[in-house]
Amino acid sequence: MLKAFFHILIFPGLLFLFVFGFLAEYVDRKLYARFQNRIGPPWFQPLADFIKLVAKEEIIPEEADVKVFKLMPVFALAASSVAILYIPIWGEQAVFSFNGDVIVVLYLLTIPTFAYFLGGWYSRSVYSMIGAVRSLTQLFAYEVPLFLCILASAMLADTWSLSGMARFYSQHIGYWFCNIIGFVVSLICLLGKLEKVPFDIPEAETEIVAGSFTEYNGRLLAFIRMSFNIETVVGASLLAAVFLPFGLNLPPAAVFLCYLIQVFFIIAAISFLRALFARLRLDQMINLCWKYLAPLAFLQVLFNLTLKVVLPR
Amino acid sequence: MGIISKIINWSRLKSPWVLHFNTGACNACDIEIIAALTPRYDLERFGVVLKATPRHADILLCSGPVTKQIESRLLRIYEQMPEPKFVVAIGTCACSGGVFNGCYNVCGGINSVLPVSAYIPGCPASPKAIIDGVVKLLQSLEVKETKNERRKD
Amino acid sequence: MSRPGKIARLLIQSLFKKPATLNYPAQKSGMPEGFRGKLKFNALMCIGCKMCMRDCPSGAIEIRKIGEKQFEAEINLAKCIYCGQCVDSCLKKALEITAEFELAKLDPAQLKVILNAGNTENPKG
Amino acid sequence: MHESGDVKIPIGPQHPALKEPESFLISLRGEKITASSVRLGYNHRGIEKACEERTYTQGLYLIERICGICSHSHSTCFVQAVEEIAGLEVPARAKYIRTLIAELERMHSHLLWLGVAGHEIGFDTLLMYTWRDREVVMDLLAALTGNRVNYGINTIGGVRRDINSKQKEEILGAMDILEDRTKYYIDLAKGETTLIKRLQGVGILSHEDAEKLDAVGPTARASGIERDVRKDDPYAAYAELDFKVISVNSCDVYGRTLVRLGELMESFNLVRQVMRKIPEGPILVKPPRKIPAGEVVSRYEAPRGEDLHYVRSNGTEKPDRVKVRAPTLANIQSVSKMLEDRYLADMPIVIAAIDPCFSCTDRLVALRDAESEKKNTVAWETVRLKGVEWYKNRGVDFTSLNKKLTKLFQHA
Amino acid sequence: MNEEKIKQELEDKFSYLKDLVNIKRKGRIFAQVPLGEFNTVFAYAVKKMGFLALSAITGLDRGDGVFEVIYHLNKEGRVLLNLSVMLNKGNPEVNTVTSYCPSADIYERELMDLLGIKVNGLAPGHRYPLTDDWPKGEYPLRKDWKGNSGTPFPGKEAKNA
């Protein structure tokens, strides 16, 4: 019981996530700045932003549906935090795991997007409306390839539990290479999930101000930003667990170090891509996902299926 | 109590998010504001981020003389900003109306409409001047905050 | 032939290059010489012809007689557009332009500067 | 033109896509723009009237502040007019210096535009790099004229500052730096897929429309109208310099980008020529305080297009009438055409593509915008229904989900 | 492009334009057209002489109870033909030229708002550049308009002092 609480509140639960979230945001912003030949923010920036926002006056637009408006950010935060519990971040074993937790994690990761949608939808400002609808449309585009890629690697590992997958891949280290396409595709999809350039369509500043979050401020905005950070961490950890099975059989400290390295590698990749492209239009983004990413993902699935048949166990 | 409010003040000083509003300026100050955010000057060093909506902003950067028809809008934007909020008048026009004094369509400086916390003269105020101004403002706030602290204790 | 991510190389390079950012204000750096900043007033040279007032586009400068052949200039930093027209108009070179640009003030009162024989450049207090 | 059913979004006066307070009203059906209208005037300061009560000298600085980005354009255009009325023969050296500053201004303006365009399509990295390089020009201008913007180099009868040999070298050095940077950007513009995807075929303004609506500057030149005041009606020193008028036929935003980049390259070689040809001599002739009566139309190719000033004097030291036709006013009329059935996502870049400069545009009197007051009062019910319907047509049904959720939260 | 030719053509075509057309300098032709004849001349200039583009329309108050409206037409951006027409301040009226140059619209609205010149046949649309609740009979660019409030221009005081 106590142990569970420890896991939920301290490690790898809230506290760890918050710290890690801040770190992730910092790394992302700093790298982004450096890519642009700037100095960028100091290390404590995300923390300062968070505290400031929490301490700020809260304004709720009179048109908004107060209940939903207030509830949604918390909802998003909670959902994205829970997901971490099922992802093996220290060694091969997640805190909680059961066969099928992959699906749970994936859906937990989908919840925030819906939360943002509803939040924007019920703040009832034109910009939020459009942002909300956009983020949902985008969801339908990137979700499929992402799921397919994870599915593919799960099939190869022949298990529906993340821990199981981690175990499998760390034992057959060679197999990770088979999933390379899956890794790339899901990395791109992750960009979509985190609403980062080139897929930051739902909060495209120059078009619809700040999308769903136009009306949010103070504490709620802080939560939203936090849940984005946590999503980043969780998403990165997920990809790390599924696609980068390295150093899982080292001594514990080293394992954790490896995990950190992998996650930060993914975060760095994200901020690199983010500095690299112009924002796509919604229709272009959907094209990309359905015309290129989804087929690739399918390819991965087929490839892994054949692999499973061919390769001996 | 003291320590918490200290932390809050610290955070406020470290992450001033700004909203830029052109109240009828000639663009010169506006482009200099943007220039202050770009690599050469990079205001993000001080945690300054240019925000799109008043709801997210702490500091309102105004440039230009307040034209009659922007006045009401300026007020509205100011109202939409959550407390605590500050206004910085950037450029001569924003400080006093500058060359546009006497144009029948100009109210004069920002201070004729809103309480201004810092004036940055210059036509236009160069990015360096803007950074200088922002830093001066933040320092002054720091001083003020600590003073308040003492009064409380 | 177009491809995505053409800017990639530049990004990587600048990641390992020193940022282009100036370390201002921690490290003071001025404006190029001849930059038009705050005005300087040599009271002794002024003959009170008020040509500067006449040509000033924004009425930022005012010359006042404070005694026999003695004048003081009140310059409103908030109104001055730093165009230097007064310097050009001045018949006696009583006005000069300096490169001082860090004029930000928190208190509007400090934006009015009175310059006379006593102080030619900096506001009192 | 705005149908009642559509979602109306006010863009501006305070909107991240516009650095200036202007208001566009965009009617949306889903993501498609069905109608658009622009209301100008927020930036209106009454300059034309004000000029009538200021002396020419004072007026000059006022005119310079019509627009901070093309300040040299306006002031040159104005002084040219005044000089023509007064019959002043401006020294050749002064003319060359004006040309020099004009071209430097064009560089900074076009680099600025490139950055802004990048920002509008969410390519902030481009913004950061172009503006970093733009600082080189800004430093030059600061060193030459004494200010980064609103240079105040012009005065009636010539220019106020001379350039020395040291500055010449600096300028030439800077040109080399900027040239290969610009080459890189051209390379980028021609090579970066996402960029091209966002720019090509967007904001179409056909050759005919461009002519009908009297578009000017890069906007016109991108629609294949080879028109450039520097060539057609040479002023300052342009008659003695040789340069190409860049024009392409793609009629879209991409074309406008290429035109501007091409003009940058032209500007570099123009500046080099100026440095080579600039004669020695005085830079200023003493103007009379009172300008004899007369009327003149003066033209100038600003970075954004043709700038036209009409000045009428009445023999006093104040002008009788100053009329300013800024390039944006000529181009703004074609924006609605460009926005026709584009996506909302294209709106910012299309508006940016004419390089709007509203502070130039609204010289006259201001208006309070009735329409964008709707921001908070848009009947959100209609908005929602429209959105839902649009997505239903595309196989996404919110209504049921929406109902469920509302119930849920009522219980909660 | 020969200014002389244009001047000649105008004068030949419309006898009443004799010595009303003058060439100020290269590429600048000013012509004063009697009010009654204006439309025909304008139409001819646009349709026959190829002055297709309208650069701007300037309206101004000459003070002595006369308004002047100047149409700045240009031909391939090279030659500027400035057709000016005098109006009586009592009832200033012109006909719209939007049928020839659609871009005239915005300039004509300017005329209406700032000088109170009536433009016949101008399609309805929102006014520019004045606000919708601008008081009737207030025309800023008229010389006798004393302006609404607004801080006095300091330059004036300077002169008084």
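To keep things simple, chains are lettered A, B, C, D and E as they appear, and every chain counts its residues starting from 1.
As a convention for this text, contacts are C-beta pairs under 8 Å (C-beta built on N, C-alpha and C of every residue); 3 or more make two chains touch, one makes a residue touch a chain.
Bear in mind that the values here come from a model prediction, so they are computed numbers and not experimental data.
Chemist: What is the minimum number of touch steps required to go from chain B to chain C?
Modeler: 1
Chemist: Decide which interface, A-D or A-C, involves more C-beta pairs in contact, and give its chain pair.
Modeler: Most contacts of the two pairs: A-D.
Chemist: Farthest from chain C by Cα centre, which chain is it? Let me know.
Modeler: Comparing chain centres, A lies farthest from chain C.
Chemist: Would you identify the chain whose C-alpha centroid lies closest to the centroid of all protein C-alpha atoms displayed?
Modeler: The most central chain here turns out to be D.
Chemist: How big is the gap, in whole Å, between where the Cα atoms of chain A centre and where those of chain B centre?
Modeler: 35
Chemist: Centroid from C-alpha atoms only, then distance chain C to chain D, rounded to Å. What do you get?
Modeler: Each chain's C-alpha centroid was found; their separation is 28 Å.
Chemist: Please tell me the distance, in whole Å, between the geometric centres of chain C and chain E computed from their C-alpha atoms.
Modeler: Using C-alpha averages as centres, the distance is 42 Å.
Chemist: Taking the mean of the CA coordinates per chain, how far is chain D from chain E in Å?
Modeler: 25
Chemist: Multi-chain contacts only, two chains or more: what residues does chain A have there?
Modeler: 33, 35-39, 205, 209, 275-277
Chemist: Where in chain B do residues touch at least two different other chains?
Modeler: If we look for residues of chain B contacting two or more partner chains, we find 38-40, 42, 45, 52, 69, 97-99, 101-106, 123, 126.
Chemist: Going by the touch rule set out above, which residues of chain C reach two or more other chains?
Modeler: If we look for residues of chain C contacting two or more partner chains, we find 4-5, 7, 11, 19-21, 31, 54, 56-59, 79, 81-83.
Chemist: Along chain D, where are the residues that touch chain B in the complex?
Modeler: Listed in rising order, the residues of chain D that touch chain B are 13-16, 19-21, 41-47, 49-50, 53, 61-62, 65-69, 71, 112, 115, 127-129, 131-132, 134-135, 138, 142, 147-150, 357, 359, 365-369.
Chemist: Which residues of chain D touch chain A in the complex?
Modeler: Touch residues, chain D against chain A: 7-10, 15-17, 28, 31, 118-126, 128-129, 132, 192, 194-195, 197-198, 343-348, 375-376, 378, 380, 383-384, 387, 391, 396, 405, 409, 412.
Chemist: Chain C touches which residues of chain D in the complex?
Modeler: It is residues 54-55, 57-58, 60-62, 65, 125-126, 129, 132, 139, 142-143, 146-147, 150, 152, 155, 160-161, 184, 187-188, 190-194, 196 of chain D that touch chain C.
Chemist: Hey, which residues of chain C end up touching chain D in the complex?
Modeler: That would be residues 1-7, 10-11, 20, 31-36, 54-58, 81-85, 88-89, 97 of chain C.
Chemist: Which positions of chain B touch chain D when the two form their complex?
Modeler: For this pair, the touching residues of chain B are 19-32, 34-35, 38-40, 52, 54, 64-65, 67-70, 72-73, 77, 93, 98-100, 102-106, 123-124, 126.
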